[in-house]
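Letters are used for the chains, namely A, B, C and D, taken in the order the chains are written, and counting of residues starts over at 1 for each.
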Amino acid sequence: MASYSGDKDAYLKRLRRIEGQIRGLQRMVEEDKYCIDILTQVSAATKALQSFSLELLDEHLSSCVVDAAKAGGHEAEIKVREASNAIARLVKS
Amino acid sequence: MASYSGDKDAYLKRLRRIEGQIRGLQRMVEEDKYCIDILTQVSAATKALQSFSLELLDEHLSSCVVDAAKAGGHEAEIKVREASNAIARLVKS
Amino acid sequence: MASYSGDKDAYLKRLRRIEGQIRGLQRMVEEDKYCIDILTQVSAATKALQSFSLELLDEHLSSCVVDAAKAGGHEAEIKVREASNAIARLVKS
Amino acid sequence: MASYSGDKDAYLKRLRRIEGQIRGLQRMVEEDKYCIDILTQVSAATKALQSFSLELLDEHLSSCVVDAAKAGGHEAEIKVREASNAIARLVKS
């Protein structure tokens, strides 16, 4: 079971809102809205995705990474490596 | 008429693909997929949004901003200010 | 003459302040300061660099790009392409 | 003792290289170099700072956070919270 299962509904709700933002962007393009207004909406959607991923990551660190560390052994190292790579992708994206 | 009208179909296609990525993320959460795999998909969607906005901005600079500059007067200044603000939002998001 | 010449002193002052932040980071590492505090300072220096580049870019758009557009011809296209590439590098860095 | 002490020399070397990049930027401004070339150098310095902070963060997770988790108790939670906040600042800067 994934560590975020408890908040599954909250996560799904956020993703549905982001999906709505992307559909809103499609309507803006269809209606020939002004570029700058479209760009403002893209920034809002990007920020929403970013904040979704930061929350997911926080939960991953508090559960998976901490649990692996408690269990001891090589697993913690693997989990930290995985998390660090995910963080690098987020920082660079 | 907005400056991106010629590429409207291409823009809509990209946004539909991004919408598909966001729906894919919802499926991953519903199926309790591993956090790190979800984060990888979030980074991909963020990059797709970013590249959409960079293309839209490039077209805005080549058309609206350049046209305003050619027309002369105060309008170019306003267009550059707007574009700079949009760029700042993108860089910070 | 570069378009930012008028603000040269202001730009140099900002860069010297950023240089000071980087030297401050070296002192923190030398004195074994806490990682998280060092990371906070890195974020501050990154933001300062970012805001420096956004200002430089704004000035470049208002002067070089607008002047090339007014002059007409192929030059405006080249300048916009260059600016778009620089913006993409900033957004991705 | 901070967790990065082992790599102190490597960290200091990287920061000195970044300091050199910032001084290089000052020279470019003094010599009225072309905006776009300056922006390219700013992106390089920003990327170097980013990669410095990702490495420091990786080390912080593998040592401080993992050690706190092993020790058990409330401390792990505090360390994860701190790390998550630092990650959020990096992602947003």
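Quick note on the criterion: a contact is a pair of C-beta atoms (placed from the backbone, for glycine too) under 8 Å apart; a residue touches a chain by one contact, two chains touch by 3 or more.
Just so we're on the same page, UniProt names per chain: A, B, C, D = Metal-sensitive transcriptional regulator.
Since the structure is predicted, the reported quantities are computational estimates derived from the model, not experimental observations.
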- prompt: Taking shared residue numbers divided by all residue numbers at the interface, is the value for subunit A and subunit D over half (same) or under half (different)?
  reply: same
- request: For the pairs B-C and C-D, output the one whose chains share more C-beta pairs in contact.
  value: C-D
Message: So the centre of each chain is just the mean of its C-alpha atoms; given that, what is the distance between subunit C and subunit D in Å?
response: 18
Field: subunit B and subunit C, separation of their C-alpha mean positions in angstrom
entry: 22
Query: At which residue positions does subunit C touch at least two other chains?
result: 50, 57, 83, 90, 92
Statement: Listed in rising order, subunit C residues that touch subunit B in their complex are 50, 54, 57-58, 61-62, 65-67, 69-70, 72, 76-77, 80-81, 83-84, 87-88, 90-92
Task: Would you mind writing out the residues of subunit D in touch with subunit C in their complex?
output: 1-5, 8, 11-12, 15-16, 18-19, 22-23, 25-26, 29-30, 32-36, 38-40, 42-43, 45-47, 49-50, 52-53, 56-57, 59-60, 64, 82-83, 86, 89-90, 93
